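Both of the next two complexes hold chain A, though its partner changes from chain B to chain C.
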Partner chain A sequence: MRRSTKRYLRQGGLYAVLAAVVIFLAVSVDWGNVHRNFWTPGLGDNWHDLILTGVKNTAIYTVISFALGLALALLLALMKLSDVLVYRWIATVYIELFRGLPALITILFMAFAVPIAFQWHAPGGTAGAGVIGLVMVAGAYMAETLRAGLQAVPKGQTEAARSLGMGPVATHVHVIIPQAFRIIIPPLTNEFVLLIKDTSLLSIVGAAVGQRELTNVSRDFLSSGSTAGTGTSLAQAALLYLIITLPLTRLVAWLEKRQQRAR
Partner chain B sequence: MPLLEVESLCVNYGHIEAIRDISFSVERGTITTLIGANGAGKTTTLKTISGLRTVRAGKIIFDGKDITNLPPYERVKLGLSQSPEGRGVFPGMTVRENLDMGAFVRTDTKTPAYKEDLDRVYALFPRLEERAKQVAGTMSGGEQQMVAMGRALMARPKLVLLDEPSMGLAPKLIAQIFSIIDEIKAQGTTVLLVEQNAAQALKRSDTAHILETGEIVRSGTGTELAADGSVKAAYLGGDV
Partner chain C sequence: MSAMTAAIHVSKLHKYFGKNEVLKGIDFQVDPGQVVCVVGPSGSGKSTLLRCVNRLEEPTSGQILVEGIDITDPETDLDSVRTRIGMVFQQFNLFPHMTVLQNLCIAQRTVKKRSKAEAIEVARRNLAKVGLSEKEGAFPAHLSGGQQQRVAIARALSMDPDMMLFDEPTSALDPELVGDVLDIMKQLAAEGMTMMVVTHEMGFAREVGDKLVFMDGGVIVEEGDPREVLANPRHERTQAFLSKVL
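After this line comes the complex of A and B, so read on.
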């Protein structure tokens, strides 16, 4: 048998297996059941308002955690590259600690344990305290990304800046940090997407109604209204998450491709 | 009094001696050249003079002042700037922004004097004026070399250190770069040049030193060294 004939046969076989599986699923799954449990109409009148509040809060929590986390990460990354041994040490311990812990543990600590222990009232209440926990975790992850970016700027750039009369601070502000950020835009966008999804962890901290984010809102509807006991609200929340995250992951892929071309 | 005096300079990388007991001086208004093979210590010498390497022993006197332990930016303020090896232009900035960065230590960037210096750099490198708004990282090697040299001149230095300005350039561009170096000298800026392109460099050097494994092995005027048999054989391929 000729080689090309063999290849056609093999590919045809693979397609046949796929078709068989699809047909089997289409016939055997109880589609009525799926529809009843995951896409029942009648989530109630306030569903629309609440889900929009949820999306808005998810966006706010993501942006706050990202911005503050990035500032923290920059500080940690600079500390990790510092000449001072103690700074390097502190940064390493912080990063390893908060990357090693489950994010949920950190959030629970900040939302419940720390406020009780120190009689501390976080801005924004329990939700705010949870966001601070998320900032602490995000900072640890992004610090490593930033450190890699700072180290990826060629040494010649530092030397050029120094020999033009810039001090260590000016060298970083004008030359190193801007170039590092350009290098890490793709991984940083990726961190942003991860953070959007991680805000769902805040659903367990028990926020006030107006402060609930997307996952929390949809979870409330699991047990209330005419759709109680179905996964409809979860499915709709999932769809909303995908509408936000999928374009962003495509953006990351495009940015990475563009950067590879520029090298 | 010479503009720059280097006295018994020693620099180490860890336990390895990069340069050993180097002494030479640079007279005002001249071109002084360091030539030598890869790893001879030419670039280390320049980086030590501009303050990027720590001195183990020896002294650097610039314009009558001991600068051995000054940080690099203080040296720039005194009138010493460098065009680094491999150019080191800031790739994300435009040509004009790169030139402005060269004047980082100057406080007169809004005055006519500054504009005058910018015009002088544009006169030396007309290409840079045409491409003032182009992002430097997208330029050719020769153009980037011009940016690096122009940038070093924007500090209005008394002494400019040029590290391998002809590296990786086409022969026609090399000739152009060297005639610009002549022009820089004619305008009154003293030049300390490091080159592998020994034939071109020696031709226009007032003084030249040959470095081998971290030590100066020969010194003389450019023409003397270019005519010397052993120099010819080692660095000039027997043809000047």
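After this line comes the complex of A and C, so read on.
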């Protein structure tokens, strides 16, 4: 058999398998039932208001966790690169601990165990405490990214700054850190997307109605109104997440490509 | 012993990288206003010696006095001494995220605490000196290697240093760009700047240098008047090296 004939047959076989699977699904699945479950109209009058509040809160929680997490990460990364052994040690323990734990465990700890153990009232109540849990986890992950970025700045940059008489602080603030951030914009944007999705973990800790984020709001509608018992609200929340995250992941890909070209 | 304080005075300098002894007891001096060229094969320790003078490398033992100040003393304020020693690197090491003008101003602002207006004035004066006034708004990536090195020289000069260290300033440049950088260095020498230059440019050493130091294997093999050393090297190793590069 000629090589081109072989390839033709192999591709034909793959298409045949795909067609078989599609036909099987079309015949065996009760499409009416699927449609009813994922897309029953009539979520109720207040759905729009609540879901918009959910989107807004998701955005707020993401931005807060990202900003505070980044500040924490910078501190941890600098500690990890410090001359002082104890600082390096503390940073390593922190990073390994909070990357090793499921984020959900940390959030639950912060929301329920820590406030009681330390007689502490988080700003924003349980939801606020949960956000702080997310900050702690995000900080641990971004610390490693930042450390890599700081180390990727050529040594000659430090030498040039120091030879001009700039001290270690001025050298970091004006020369090293700005360049490190440029290097890590793509992975940092990626962390941001991960964080958007991770805010859905906050739905577990219970929050006042106005504090609920997207997942929490859609979960409320699983058991209320004319769509109760269907996944319609979940499907709509899922769509909203994708509308936010997909452009951002495309942005990450574009940033990475641009950076590779710049080198 | 001369009556005036030496610009740079090095005695019994040893430097190890791990178990590898790179400098094996260096004694030498640069007088104010002198241009000293350090030459030698790669791995001879000449760059390490230069980098010890502003303590980018930590000497293992020995003493280095800069204008009489012991920079190997832990009590010395290194940052303040460094503002008096300009340094120019082989790879330029301009700050890529800043414009040319910002490159020249940042240390003036943060270290010398000059006002923005004063820093810019000093920067513009030095840019004019290296012939790059029109490039003040450009980023380093948009300049040629020769232009970058001239900006690096202007950056060092903006701190009003008493002396300049050059670490193979033309080695990373395309041949046709070397001349521009050497011209500026010649001009600086003519103005009386104290200079210590690690270089492979024998022509520059002969024309501008007051003293030539030949290093090999971590020691100073021979030193003297550049025209003398280049024409009649006394030491075998100097002869062997010069026969290869001249």
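Points worth noting:
We adopt the following convention: the second predicted complex is superposed on the first by the 263 of 263 C-alpha atoms of A that agree within 3 Å, B and C clash if a C-alpha of one lies under 4 Å from a C-alpha of the other, contacts with A are read in each partner's own complex, and residues count from 1 in each chain.
In this text, a contact is a pair of C-beta atoms (placed from the backbone, for glycine too) under 8 Å apart; a residue touches a chain by one contact, two chains touch by 3 or more.
All figures in this text were calculated on a predicted structure; none of them were measured in a lab.
Partners chain B and chain C, brought together by superposition on chain A, clash. Of the two partner chains placed by superposition, A:D49 touches none, neither chain B nor chain C.
In the superposition on chain A, contact is made by A:Q157 with both chain B and chain C. Once the two complexes are laid over each other on the shared chain, residue contacts for A:G165 go to chain B and to chain C alike. Applying the stated contact rule after C-alpha superposition, one finds that A:V175 touches each of chain B and chain C. Using the contact criterion defined above for the overlaid structures, shared-chain residue A:E96 touches neither chain B nor chain C, since it reaches no partner. Shared contact residues of chain A with chain B and chain C: 156-157, 159-167, 170, 174-175, 178-179, 182. Here chain B touches chain A in the complex through residues 47, 50-52, 71-73, 76-77, 81-82, 84-86, 88-92, 101-102, 104-105, 148, 151-152, 155, 161, going by the rule given at the top.
Taken in their complex, chain C has these residues touching chain A: 54, 56, 79-80, 82-83, 85-87, 89, 91, 93-97, 106-107, 110-112, 152, 155-156, 159.
Interface residues of chain A, counted against chain B in their complex, comprise 156-157, 159-167, 170, 174-175, 178-179, 182. Within the complex formed with chain C, the chain A residues making contact are 154, 156-157, 159-167, 170, 174-175, 178-179, 182.
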